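Letters are used for the chains, namely A, B, C and D, taken in the order the chains are written, and counting of residues starts over at 1 for each.
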Amino acid sequence: MYKIAILGASGYTGAELIRIISNHPELEVDILAAHSKAGLRMEKVFPHLRSLKLPPLIKIEDVNYSNIDLCICALPHKTSQEVIKALPDHLKIIDLSADFRLQDAADYEKWYGNVHQALKIQNEAVYGLTEFYRQDIIGSRVVAGTGCNAATGQYILRPLVEKGIIDLENIILDLKCAVSGAGRSLKENLLHSELSEGTNAYSVGGVHRHLGEFDQELSKIAGRAVNIQFTPHLIPANRGILATAYVVGDIEAVNETLSQRYENEHFIHVLPLGESPSTHHVRGSNECHIGIVSDRIDNRCIIIAALDNLTKGSSGQAIQNANLMLGIDETMGLNLVPLFP
Amino acid sequence: MYKIAILGASGYTGAELIRIISNHPELEVDILAAHSKAGLRMEKVFPHLRSLKLPPLIKIEDVNYSNIDLCICALPHKTSQEVIKALPDHLKIIDLSADFRLQDAADYEKWYGNVHQALKIQNEAVYGLTEFYRQDIIGSRVVAGTGCNAATGQYILRPLVEKGIIDLENIILDLKCAVSGAGRSLKENLLHSELSEGTNAYSVGGVHRHLGEFDQELSKIAGRAVNIQFTPHLIPANRGILATAYVVGDIEAVNETLSQRYENEHFIHVLPLGESPSTHHVRGSNECHIGIVSDRIDNRCIIIAALDNLTKGSSGQAIQNANLMLGIDETMGLNLVPLFP
Amino acid sequence: MYKIAILGASGYTGAELIRIISNHPELEVDILAAHSKAGLRMEKVFPHLRSLKLPPLIKIEDVNYSNIDLCICALPHKTSQEVIKALPDHLKIIDLSADFRLQDAADYEKWYGNVHQALKIQNEAVYGLTEFYRQDIIGSRVVAGTGCNAATGQYILRPLVEKGIIDLENIILDLKCAVSGAGRSLKENLLHSELSEGTNAYSVGGVHRHLGEFDQELSKIAGRAVNIQFTPHLIPANRGILATAYVVGDIEAVNETLSQRYENEHFIHVLPLGESPSTHHVRGSNECHIGIVSDRIDNRCIIIAALDNLTKGSSGQAIQNANLMLGIDETMGLNLVPLFP
Amino acid sequence: MYKIAILGASGYTGAELIRIISNHPELEVDILAAHSKAGLRMEKVFPHLRSLKLPPLIKIEDVNYSNIDLCICALPHKTSQEVIKALPDHLKIIDLSADFRLQDAADYEKWYGNVHQALKIQNEAVYGLTEFYRQDIIGSRVVAGTGCNAATGQYILRPLVEKGIIDLENIILDLKCAVSGAGRSLKENLLHSELSEGTNAYSVGGVHRHLGEFDQELSKIAGRAVNIQFTPHLIPANRGILATAYVVGDIEAVNETLSQRYENEHFIHVLPLGESPSTHHVRGSNECHIGIVSDRIDNRCIIIAALDNLTKGSSGQAIQNANLMLGIDETMGLNLVPLFP
């Protein structure tokens, strides 16, 4: 059994890591650490984990890493780089924050507003979109988990950009995001009274931080600057991202490209041409469902991807990467059937 | 007091008409008719109307129109044209179905699949988007209430197309629609278990029937064929449409055009540049909130409109038109403050 | 027009007061004051009020009461008594906090944990359950709005205790409460992620503060100590309280007592024997629906009441009382049809 | 691997069985049958099961049982007895309908309104509340899955009645039930528009059919007739039952009895005295959480149980029983961590 430490275990991605690991045959949770809720038993922080035998929540500075095989950080960005900088060198690390996603320090500062404090690790970190960085992840020491929105969009766009079959000047991504992506933080707009029974856009106009990842990754693939339009909307649901992409290109080429690209991917399912996915049907699973539909206007395609932001978009991705880093079968512990209804 | 008959009073738009009329100083509900639920008292069909003194629900064929000033039909399309064809000639009529929205019989058949049975009335009917057909509505006998999605999108697009300030080849409308737009019909995907806690697109690829209205209206304004991309998504909420439009054009021109166009409109509110509306903030009201945001990509604008599909998108619009048709002040009975939370 | 000041206008009951007053023919909002959000325009605090012409939100200490006819305090308890103590003597006051509901200072301290600072006003204040204190309210200067749960339960229990037809030792009240009753405060259990899609009891075992009101009122009526069992549950909805009462008594007597008691009450509707109410059907209205059902066990009755906690349970009640205090028709401005769906 | 046939696989309990079995090391789904949706691939009926390799949905009359070890019927009552009557004698059977829960034919007829058609099997069937009929289930051929409400209530009441420590004349059970318990049927009150954002009681007054099970089981334990009061309420959530029991008895005895009774039960967790459970924390799991709280009134206890109606209340219970019937470890495949948020 490989021993896992989770730093930042009092948030939703922390709880999701515990849920997945608890049914994983080769991993076990050895250390749980957090900031504000340190000292509490996990069943006080997350009563749904009551039946698991879990270590108590300790302070991050009190963690002893000597027996730990892999450390997963589910901390806020900026805090994360400070904590990770101080970790022992031998430790394998997966970071779920934004701190190591952007390879360029200037990009990081532009999108996140602070000077990066751990540039050496930033250079070393592998971008954690498993299906596209598999070989790098296998040999890596530090993996940067992707943004959940960035993952969803890239599953649609990367193969199309790579094949050069869509107009790079006209890519629009309209996202519908459930609220758990915003974490467990106490903000007025996350209250049930404010969120349920309605919807609104946020970070409109190209200011959402996940655009840093899109810019970096799509430009790298295209060999030139690619800037997409990206508008997230908050929907009254707890889990799930639905990304609707509007692209200009030939539907047959689009369908063939995506179908072939994901044919052998265990968790990415391309639906039959013309069908649409739903976030209802991926809840709690590590799956991503992709639907491709031809518009009535010639050469326009609508491509829709659905995944669970906490699982495939974050903690499930982390375990998929952990499996690779530890030399375990990539899918182990991740055949989680969606919960419906 | 003007006497109103509502045909199809057992659906959500029927109930919404009753809610609005009950607080209208010049209108009163005189006749309520329906198909399957005829014979029931309204409090059995809609217990929330229990405290109102309402006439019983009778069969449509039993209605006596002799005292009626205006008849509002909230029936399914196809049924509606058959019923309206048989109404007395003197009667003022507002139809909430799709039957009289399209002026061209071939268009109607293309989008709705059946041959139109009331072509004479179809020719006579005025398209009911109040802010753009006000003068026609005042003098009309028959008004065709617009599709709720079509109304939301047109509030964004009409002034821009009219002014010629956006690229007509690149208009994308991504809608997030609450479920009451689908009516009270018994369909599996409308069950709470299937709908709550998730989202999905539907009628993807340019097959949604409201496109018939967009095509007709935008082409008429532009003086050439205009075809937009339009993808509706079902969100887990009961009321509200949020339309996110992606257009190519100058943000200053867009902002000025929309702000000026709606400056004197009582129910349409253009937010300060850069702000976004929410369906939470129009629930139960006759308001439409429009937000305009510049994208980081030059010459791209995101315009977002929010309204309540049952009110401004349907029954509120009907009463606004009824006021005009009856010579009453247009806003009478419609200053409904949104219900929040 | 009577001029109203609202202190604590940035909370949900404040917004609900504004919604109601905006359609009231004899009242107008003249002053809006708050603590933390003072200085903001109301459309920033509550964007759903955007279309109303409202005064800006000022600090409570900056309010000039010289033109004000009636002041409604929607502040937290303890703060409320401090603010009210300092108000000019001539001012009519309705307080929505708990500060003036309990007549006995020791009771107040027992349930709320602090020594009362405005005993003189506490003695003067009339308990604001309109249907039972109408005459007192008409002549009063200070009215204490009731707890929303306490109101719901008393509508069921008061007439039965008064008539002496139920066993006073066996009264159980099981409440299902929507979340807006907890206000707009930032607490983890009020987040959408934590609240939606599930339910739990809270304040179990007779520790909910509204029990102070039940004890005071029911004991006063009975002429002896009456202690009920009372368990509130949080349900994933924004508005509404459903109170299920289990009492021992004759169903005919119970039905007759409640039906007769409320026969002439405008807002309280007793359903036909055997029918059950729903919070869906009172949303946004000032109505209370009461259903009475006989249990299969002899001499046991289930009585269920539904109301909207923000309207009939709080701000609607306040306006009903304001009407009485100002000599206006009691129902003016309150014929709000429920919003459904 | 034991081969399982599921009859009635197009409903929610059918889908839940598939979800659980798909991660069960010793069971596999071999046959899926249904009525109206026979002929469809399961991914059309339940798109969330898309990634599983499942047999197609066939007609019940076309099932070949020769290789089947155990057949689970998730059909409506009455249909179920007709289907089961015709099954081969050697087959182990778990029935999730109400058809074999009541041992007395007259009781069945009283509660379900039809004459039982399979009395021989009715006599043979073991009541499937695992923790109380474990030994009988091990040796049985036919197990009758319990009602989900009946299970929840009995987990509270059975040990207390057995120990004789509560007043049998004063047992009140107030249930809050999520909507999936009503199945996937097309009924107006199950629509999202009608159900979300509100709550109401149903089957009030002792007419809910699960009372047949309470009467049978509690009377058997007590050795005398025991009739409880039982009121279910529909809450706007998809999964979960919260049962609030009001009993008369000593809190220490109650706490000790329940704690000891479930000390060695894997899935039933008694919380520390004074704590309350939540349906949020059992979603998707086979757990039942029980909280015990003393009321302020002497000798009154409130006991609250939470479980997932589709899992512990139905399909999870079925697999737990299947494990026993097949001689597998009882908990195998059932350590499902709750999904939160």
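Going forward, a residue touches a chain if its C-beta (ideal position, glycine included) is under 8 Å from a C-beta of that chain, and two chains touch if they have at least 3 such contacts.
Please read all numbers here as calculations on a predicted model, not as lab measurements.
> Between A-C and A-B, which chain pair shares more contacting C-beta pairs?
Result: the pair with more contacts is A-B.
> Quick one: point me to the chain whose Cα centre is farthest from that of subunit C.
So the farthest one, by centre of C-alpha atoms, is A.
> So what's the Cα centroid distance for subunit A and subunit D, whole Å?
Going by mean C-alpha positions, subunit A sits 36 Å from subunit D.
> Using CA atom averages as chain centres, what separation in Å is found between subunit A and subunit C?
Chain centres of subunit A and subunit C, defined by C-alpha means, are spaced 45 Å apart.
> What whole-number Å value describes the gap between the mean CA coordinates of subunit A and subunit B?
39
> For subunit A, write out the residues touching at least two other chains, lowest number first.
Within subunit A, the residues that touch at least two other chains are 12, 180, 193-194, 196-197, 236-239, 277-278, 280-281, 283, 341.
> Tell me, which parts of subunit D touch subunit B in their complex?
12, 179-180, 184, 186-188, 190-197, 236-238
> Contact residues on subunit A for subunit B in the complex?
170, 172, 174, 176, 193-194, 196-202, 204-207, 211, 227, 229, 231, 233, 235-240, 242, 244, 246, 274, 276-281, 283, 291, 293-297, 300, 302, 304, 306, 341
> In the complex, go through subunit A and note every residue touching subunit D.
For this pair, the touching residues of subunit A are 12, 15, 18-19, 22-23, 46-52, 180, 196-197, 238-239, 267, 269, 277-278, 280-285, 287, 289, 335-341.
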